[in-house]
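Take a look at this one; I'll ask things after.
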């Protein structure tokens, strides 16, 4: 009983996802396949990396995560298998694994080169279906990762903005906008330890500011801008009952500051 | 082999759904998880209640339905387990279960308070993942509901408009717009018994009217406004091959009358 | 262990899909249900036929494909079971199976008439749930197709434009726009055999033309219009990193020509 997750930029409506599922089930008919999301914006490797970091570790050890956000499909970029923190990842080596690999160092990275575990006919434009899906299926059946190809060396990195703690403030950015329009930052709760979270704390984003860091949305009336510790342990800005992203016109990358009087 | 369904307002594209699935599978790796929908409009408890009423009973007895439409997450509202008509429900007690509980009285209602069955770390903003998902998983493994907390008393209610039968007419409202744009009312076929459904019956909604109650869409040419008995046994208004909601500008709550000459 | 796939025009957000899944699982609790897509445009039988042709054969032999794109629901149109190339199909006989049946001739076609395998109560507007889902579930349990009804004769056809090879060119049309906005034609790679694919080949669509047939998107810079052999073996037109359909304003049915100097 193996679990295989899929994360892609195909779009939730796309039948290409089912082409991958059919391929997996043709090799491993009892695999449990779970969608993480197919709504990564097209070719947005960074968003894929953030989603994986937030979600993958929620699955049981031994889960196989297949990630197809692959603007370089068919070019020289490698496709890799990586074992990271008890989980298996199969993805193009374009940085999409860089955030999970930053949390926990990979213990094994293999470059997928052994065509024996690929579909017989490999297209140039859909390696998710023709290479990654069949390799994931064979892995779920117990094939040793070393059979898939040679060791690969270091995984590709992307530049990620770090939140910085200064004397009287923490400086970060909006890292992600969730489906409710909440603005999720890269400032973790850990970075605020020892500082007040009551009305003496001010959270500033663009021309907006709000005082105090709350526990949950229901703590304030509908329409109020609040800061709170989100479900993944990071500071987020939210408008109760509405979309902060839409109302404030804020996007990924905008600076956020937590400051104290 | 247990079936766990998920109904949320996270949005179909949201990876938060997968966070719940990963949590469930970490505890109950062989659970069968089925999405009912994740497209309940944000915080729309009423729409969640209508969808559950229409869909939940289609699943086999013993199914566990987890419902996360939870505008009060992290506040004092209770999260409950309820056994209703052979099915298990786990939801915030905010009225989202009020329509299924109106059909069949709950035989057991428990308030989820025993943290032993929750995730070790519970956020203030995502009880779907941290409380409801793990409790559902433990329930699917055979844990007795009474272990999850104390009896809860009455489930929260919402006001629902009743269709009313008068001497020469039945008065109701649009209860739901489906994905084809059909306007589904709260007038059941039972309320029309003994009355003609041919050209003597007139169905009125806003400034529109149509004569006769048909069996199916194909009975009239494309573009025709018709009334028919929908697949859940209620009168619906439909424009053949098009979206009645868009064409007529009608929304949930608009009055509908069936009258006879 | 049976696999049942679902292809519908209900919309990805629709809970009607779950009504079918609940019905299937009530009869066959261990069935593996996989969504192909629920985003076929409403009543678009042709798009359903193209998607099925591209995806169904990726699943293992013995898979049961249920297709609910059914503008004639409740009218005289037949619902059929068809065995085609080792796969089982259950669909209205409105041409939605015409492309899979063109690839491989059906070996058995049955008209679903035996109400013993339907839900007890059959609506006039949702035969996907009330007839097709339960028949698929019973089929997955090993019921012989001949029990479902009498032989049906020929499957309904639709007119499909054929690509034509002439002396100095191949003439086809855009058959499908995928979720990335790529324009996928009905011109297969086989039709180009013996001709150059380098800069001497010209691909023309509406007022646009591009020279050379590439292997993959990454072969040219972002924003470039290119022609390539897509993942299903047909010529497609793509703008690297963008949506060709949006940028060029091209839709299904527009002529495409591959010509040589």
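The chains carry the letters A, B and C, assigned in the order they are written, with residues numbered from 1 in each.
Here, a contact is a pair of C-beta atoms (placed from the backbone, for glycine too) under 8 Å apart; a residue touches a chain by one contact, two chains touch by 3 or more.
Given the structure is predicted, the values throughout are model-derived calculations rather than measurements.
In this entry, chain B maps onto chain C through a rotation of 120 degrees when their C-alpha atoms are superposed, rounded to the nearest 5. Shared numbers divided by all numbers used gives the overlap of an interface; between chain A and chain C this overlap falls below half, so the copies present different residues.
Rounded to whole angstrom units, the spacing between the C-alpha centres of chain A and chain C is 31. Multi-chain contact residues of chain A, defined as those touching 2 or more other chains: 12.
Residues 10-16, 18-19, 21-23, 25-26, 29-30, 33, 42-43, 71-75, 123-126, 129-130 of chain A touch chain C in their complex.
Interface of chain B with chain C (complex): residues 1, 3, 5, 7, 12, 32, 34-39, 51, 54-60, 63, 178-180, 215-219, 228-233, 241.
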